[in-house]
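Would you mind keeping the following structure in view while I ask a few things?
We just call them A, B, C, D, E and F in the order they show up, numbering each chain from 1.
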Amino acid sequence: MPYIAFESAQLLPEIKEQLIERLTEVSAEVTGIPKELFLVSIREQPDDNIAVGGKTITKLKQELTEKT
Amino acid sequence: MPYIAFESAQLLPEIKEQLIERLTEVSAEVTGIPKELFLVSIREQPDDNIAVGGKTITKLKQELTEKT
Amino acid sequence: MPYIAFESAQLLPEIKEQLIERLTEVSAEVTGIPKELFLVSIREQPDDNIAVGGKTITKLKQELTEKT
Amino acid sequence: MPYIAFESAQLLPEIKEQLIERLTEVSAEVTGIPKELFLVSIREQPDDNIAVGGKTITKLKQELTEKT
Amino acid sequence: MPYIAFESAQLLPEIKEQLIERLTEVSAEVTGIPKELFLVSIREQPDDNIAVGGKTITKLKQELTEKT
Amino acid sequence: MPYIAFESAQLLPEIKEQLIERLTEVSAEVTGIPKELFLVSIREQPDDNIAVGGKTITKLKQELTEKT
């Protein structure tokens, strides 16, 4: 019974649905474990709550906008 | 200091309270570790964010309603 | 499909088995969700890898032995 | 920077490698987020530490062998 | 690529920002891994969803107010 | 009762000890929550089980050695 947690910033509903389907499909294909046994959890976080290199997604997006 | 994370769809307040109490009680009883040392976190997710076999809880609930 | 993760120091096999059974039973009873839908993962960690108040379980156990 | 955690029983090295590649590829394709920004963690657990419906993978595998 | 998850009750924005910066800085300093490679996720939970010793943060806060 | 999970490749014992102390200290300082209430878990993973951009730490280390 594999468990897949996908943690990221907020996602659009259709993106979530596709992610769930494709992550389950690919995992079943690669492992040979039946699709029905996969549990997937999409953990969406606010942009202020996820950071890379000490900078939040909020800050990284601001920097990106200032550069373009 | 055991840590128990319970991830599921949305739960009613009284259900959460009972889960926290009973999960802590049972774990203390089985492990012999004092109750005060248990940390419990209930992670509630929207129905669109949890899926089994590639289908979200939203879809599974729809299918259930259509069958009954 | 609730997911229960139980993270702690190393546990004896029979303790793990009882934990899995009792955590599943209690959760099914409290939530009304069928037992078969529960996924449980017991995450055992070395004593050097879990800490409370900045002290590892290794250190806490040493302090306890010195006191008794 | 999405984070993907894949928790399951023990996997063969080549299966892990394929999972990492395919999970990253599919996620990048669906979300439009560059592949380089994905972090994947494969959490392998002993068969005694993962359970469905209160039964460990060890027990489920035993039951399966007895049936065949 | 280390991943740091900080799970707690709700936090003020400026506290989150400082936590992200300081946790990343300290981790980079101690491990020698470049700061840019650290991923941090702050998981805020409602007071009803986190419990110590079987009591939610909500209850613990109530008890604290009654004592003072 | 905040919970801090630090997931990475294998770490030396002294590095783990420093991480636990410094992560707890900094978190207590920034949040104002007493140090004794912090739970830290260091989750070490084999180099084949963590990947960035679809490449395992094993592969990334190989590429680094070939370049130097």
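One rule holds for everything that comes next: a contact is a pair of C-beta atoms (placed from the backbone, for glycine too) under 8 Å apart; a residue touches a chain by one contact, two chains touch by 3 or more.
Only a predicted model underlies this, so the values are computations on that prediction, with no experimental measurement involved.
Just one of A-E, D-E or E-F has an interface built like that of B-E, with over half of its contact pairs in common by residue number: A-E. Set side by side, D-E and A-D show the greater C-beta contact count at A-D.
Centre-to-centre spacing of subunit B and subunit F amounts to 27 Å, using the average Cα coordinate of each chain. Look at where the CA atoms of subunit B average out and do the same for subunit C: the two points lie 15 Å apart.
Per-chain CA centroids place subunit D at a distance of 21 Å from subunit F.
Among the residues of subunit A, those in touch with two or more other chains are 1, 3, 7, 37, 39, 41, 43, 50, 52.
Within the complex, the subunit F residues that touch subunit B are 1, 3, 39, 41. The residues of subunit A lying in touch with subunit D in their complex are 1-8, 11, 15, 18-19, 22-23, 26-27, 29-31, 33, 37, 50, 52, 57. Subunit A meets subunit E in the complex at residues 7, 43, 45, 48-56. Across the complex, subunit F meets subunit C through its residues 13, 16-17, 20-21, 24-25, 35-44.
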